[in-house]
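As structure tokens, here come the structures.
One chain, chain A, appears in both complexes that follow, with chain B as partner in the first and chain C in the second.
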Partner chain A sequence: MRVVAAKEQLLNAVQIVQRAVSVRNPLPILSGIRFEAVENKIFLTATDLDMGIRCSFAAEVIEPGAAVLPAKYVSELVRRLPDVPVLLSAEPINGSVTIQYGQSETSINGYPAEEFPDFPIPSGDLTFDLPVEVLKGIVKQVVFAAANNENRPVFNGVLFELHDGSLQVIATDTYRLAWRRLPLENCEKIDINIIIPGKTLIELVKIIEPEKIVNITVTENQILFRADDTCLISRLIDGQFPNYKQVIPQTHLTKVRLKTKELAEATERASLLTKDGSPIVKMSLEQNTLIVSVNTEVGRVHEEIPVFQEGEPFEVAFNARYLGDVLKAMGSEEIIMELTGPLSPGVLRPVDDQEYLSLLLPVRLRGV
Partner chain B sequence: MQGLFKHIKEMEAKLHSLMAEMQELKHEIREVDEENSRLRNELAAFYRADLVNGTVTEAEDKSSAAFSNLLELYDQNFHICNLYFGRRRAGECLFCMAFLRKETEPSTSIKVEEKN
Partner chain C sequence: MSGDILLCDLDAFFASVEQLDHPEYRGKPVLVGGRPGERGVVATCSYEARKHGVRSAMPMVQAVKLCPDAVFLPVNMDRYRQVSAQVFAVYERFAAQIEKVSIDEAYLAVPSGVGVETARKIREAVRQELDLPVSVGISTNKLLAKMACELAKPDGLYRVAKEDMPKIIWPLPVSKIHGIGPQTKEKLNRIGVKTIGQLAKLPEGELIKMFGVAAGVLLHQRANGNDTREIQVEREIKSIGEEITFPKDVYDKDAVLITLMDLSGQVGYRLRHKGLKARTVTVKIRFGDFSTITRSQSLHDAVEGDGTIYRVVRELFIANCGQPPWRLVGVQVSNLDSYEQLSLFQERDEQVSRVVDKLKDKYGMGVIKRGSLLLSEERKKKQ
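Now for the complex of A and B:
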């Protein structure tokens, strides 16, 4: 392989595919990035076998070929290269690659390119488009509620239910749950029910440029996201997502409307005095005032927030960290909080958006 | 040289005995694990039977013995939901709570579905 590439493009591609490089995988070659020069393009690929990213850009290919270089060294080197055309020359016998820039050169020992796992791009009929901004919204509002626990893979994912042109996206770690619904044009005939790893979605929105449209193809056990010259393939999570509908309360005893920022700031201040392992803040509502309080051996916090109240007064305790996450995800100046009782999760939703909600379970005090 | 062979033989014997101990431990773990899942299933069956009896004989009684038992189990930091029944829980669980709520408010329909 001999190819001349622009430094900026090379750096951009390396930084994109590097997100799929496996740092702790027992297969050493997976810590590498595969470079392949074909016709007038160079393709960069990395994978940890669960997720793979391929990125391509136009380059002057002198001699087609492939090489695999350790991501750690190649990314650090490319980042520090001068802004000049870069010549990559692979030595097929020992797998090393010489990187020439101006009058200088660096040689990095690589892995045998033929040992790099295959990266077949899945194809299928189940395909639809989503603007990257929508995906960003999903990541911000839903993915935070997904778990990160190897023993419970289903909860590490986000359920995508597409039916009758309506996409419902749900994540839960069993402590909290986030639900979003959005209409999708030209998808009336598509019916899918898949669990996408939360990590995949987080990485996806980081590598796709704003204002792009992402084409999504779903197969039996894989999903492909494609935008321009970048594509990301991920395994889907196998298993049955629990019946989330059963956990959403249907009625409420109390409804409170309040300013998101006021509650977020009060919670943050109150949680400063809580113990590290149990950041519990108490909330009580009476006469259009929500009192956020904490009383520990460190000290006492008492904050009063004016609210619009409908229904009975209540007293409830929440995990401050979870509440903070939920409030950050709301994306609205004002929210509505609905509460039913100590066995029911609080339902939080933006005032002007019926298509999003987040559930947060009160910390149950013994002897209900 | 003889001493070295003797030493190697001794080491080999020690390794064999360690391997045997390891196998025994593995076996014991498997047995404990099997017993654990058997007990978990028995417990689930017991609560299921208790709940069925409870609903037949005391349908009106919301604070039935079965419900209290489940609540007690939940308070002892065990899951009572169908996802992880009998396993230790680290925090509150939406699905356990939904199950408890179902016992206290039997009629539930889903808000999310209503909008469809």
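Now for the complex of A and C:
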């Protein structure tokens, strides 16, 4: 392989695919990035076997071929290269690659390119488009609620349910649940029900440039996201997502309307005095006032927030961190909070958006 | 403090334990304490012995005279401590706030209004599971709970409401107030104050003149049934652990893993009973040469299920077990969360563990075991 590439493009591609490199992978070659020069393009690929990213850009290929270099060294080096054309020459015998820039060169020892796992791009008929901004919205409003727990993989994922041209996206770590519904054009005939790893979506929105349209292809156990010269392939999570519809309360005893920022700030201040092992804030509602309080060895906080109240007074306790996350994701100046009891899920939703909500499970306090 | 306070006191505790361990002593006067021939005193005497006038702290010599046919036993503190721990484990199922006063006495705080019901449940559980009598006094503060408990004995429960004071408490002698010793009693008797009722009616100023400000105010408050002392819960639990030294050094990794599974279950049981969840799991390994290591893993989500704890324990052991033989292994959980985060979809392992706990609570610890534990016990029996 001999190829000349622009430094900026090379750096951009390295930084994108690097997100799929797993540092602690038992397979040493997976700590590497595969470079392949074909015709007039260079393809960079990295994978941790759950997720793979491929990125390509135009380059002057003198001699086609492939090489695998450790991601850590190649990314640090490329970042520090002068802004000049860079010549990459692979030594097929020992797998090392010489990187020449100006009058200088650095040689990095690589891995045998043929040992890098195959990276077939899945294809199929189940395909639809989503603007990257929509995906970003989903990550902000839904993915935060996903778990990060090896024991129950389905909760590490985000459920994508596309039916009758309407996409529902749900994530839950069982302590909170976020739900978003959005209409999709030209998808009336597509019917899918898949669980995408939360991590995949988080990485995806980081590597796609703003305002791009992402083409999504779903196969039996994989999903492909493609935008221009970048594609991301991820394994889907196998398993049955629990029946989320069943747990969303349909009725409530109390409904309050309040300013998101006021509750978020009160919660933040209150949680300053909580202990690591017990980040609990109490909330009680009486006569159009929501009281947020914390009482610990450190001290006590008492915050009063004016609200519009409909229904009975209540008392409930929440994990301050989860409550903060939910409020941050609301994306609305005012929200509605509905409660049915101190041990039932609270429902939070933006005042003027029927297509989004979060459930938050309370905390049962020990003792009296 | 707005809840109910219970004072649970095990009746003639040491003697009851001896009668439990030696059924032949039941129904007989039993005296536990120093030997009759020496200068010992009675630590505890059974109710049968009390009928003869024997009392705690009475010199043994005198007790022998009063009750020569009694069974005289030395104090077996290790055994009493063991039984006491079992009793407190029962209390913990019914109350989150427990103040241990002594080996056989504890204050429990429970929500307002459920005191009597809780007391009945506790008495029933202690009787059924441990076959021991426990008397429970119920009221709204420690002072009245203690007095109620005196009235509950033996083997009963009694509730004293603040309103019942004049009827029930006031006729009692002043010495029944906790903290009134012989000297105070003598002083009060001298001015004609014999009952708590008389003391209650005495002006506070009078008492302050006699006993000083602090003691005077306290006496006045106590006689009127006021007590603001809160339950002093023992220091917060930082960790829960179980370990075992093998009778003989073990070379078989699977055998160690089965032991670790058992320990994980014991730790999980205690963890759940305290209503806690753990975010760190630690394994302790002592090798044949006495060198010892501990290895921990912190978890993203707090855990409480036996299976989940064991899964982490197993990984830690396999990664760090080195070369046999192994002499001791232990399992510990720490970084405890003292609240229960409710969940939309509870983990199967947690559900199963809770059902297993209920079975153990009702029918004893041995009623249900994991299959691999049973198999290994069978194998041991055959050997």
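Structural remarks
Note that in this section the second predicted complex is superposed on the first by the 364 of 368 C-alpha atoms of A that agree within 3 Å, B and C clash if a C-alpha of one lies under 4 Å from a C-alpha of the other, contacts with A are read in each partner's own complex, and residues count from 1 in each chain.
The definition used in the following text is that a residue touches a chain if its C-beta (ideal position, glycine included) is under 8 Å from a C-beta of that chain, and two chains touch if they have at least 3 such contacts.
The structure presented is a predicted model; accordingly, all values stated were derived computationally and were not measured.
Taken together in the superposed arrangement on chain A, chain B and chain C clash. Contacts of A:Asn193 after superposition: neither chain B nor chain C is touched. By the document's definition of touching, neither partner reaches A:Asn221: not chain B, not chain C. Contact with chain B, but none with chain C, is seen for A:Pro249 once the two complexes are overlaid on the shared chain.
Once chain A of one complex is fitted onto chain A of the other, the partner contacts of A:Ile280 are limited to chain C, with no touch recorded for chain B. In the superposition on chain A, contact of A:Leu177 is made with both chain B and chain C.
Once the two complexes are overlaid on the shared chain, A:Pro345 sits against chain B and chain C alike. Shared-chain residue A:Gln354: touches chain B; no touch with chain C. Of the two partner chains placed around the shared chain by superposition, chain C is the only one that A:Asn148 touches, whereas chain B remains out of contact. In the superposition on chain A, A:Arg364 makes contact with both chain B and chain C. The superposed model puts chain B in the path of chain C at one of 27-35, 99-107, 225-233 or 369-377, which is 369-377. Overlap of the chain B and chain C interfaces on chain A comprises residues 172, 174-175, 177, 242, 247, 319, 343, 345, 359, 361-364, 366, 368. Residue ranges on chain A touching chain C, taken from their complex, read 147-149, 151-152, 155, 172-175, 177, 242, 247, 277-278, 280, 317, 319, 343, 345, 359, 361-368.
In the complex of the two chains, the chain B residues touching chain A come out as 71, 75, 83, 91-95, 97-98, 100-102, 104, 108-113, 115-116. Put simply, chain A touches chain B in their complex at residues 166, 168, 172, 174-177, 179, 181, 242, 245-250, 319, 343-345, 354, 359, 361-364, 366, 368.
Contacts from chain C toward chain A in the complex involve residues 2-3, 95-97, 109-112, 275, 279, 300-301, 308, 311, 335-347, 349.
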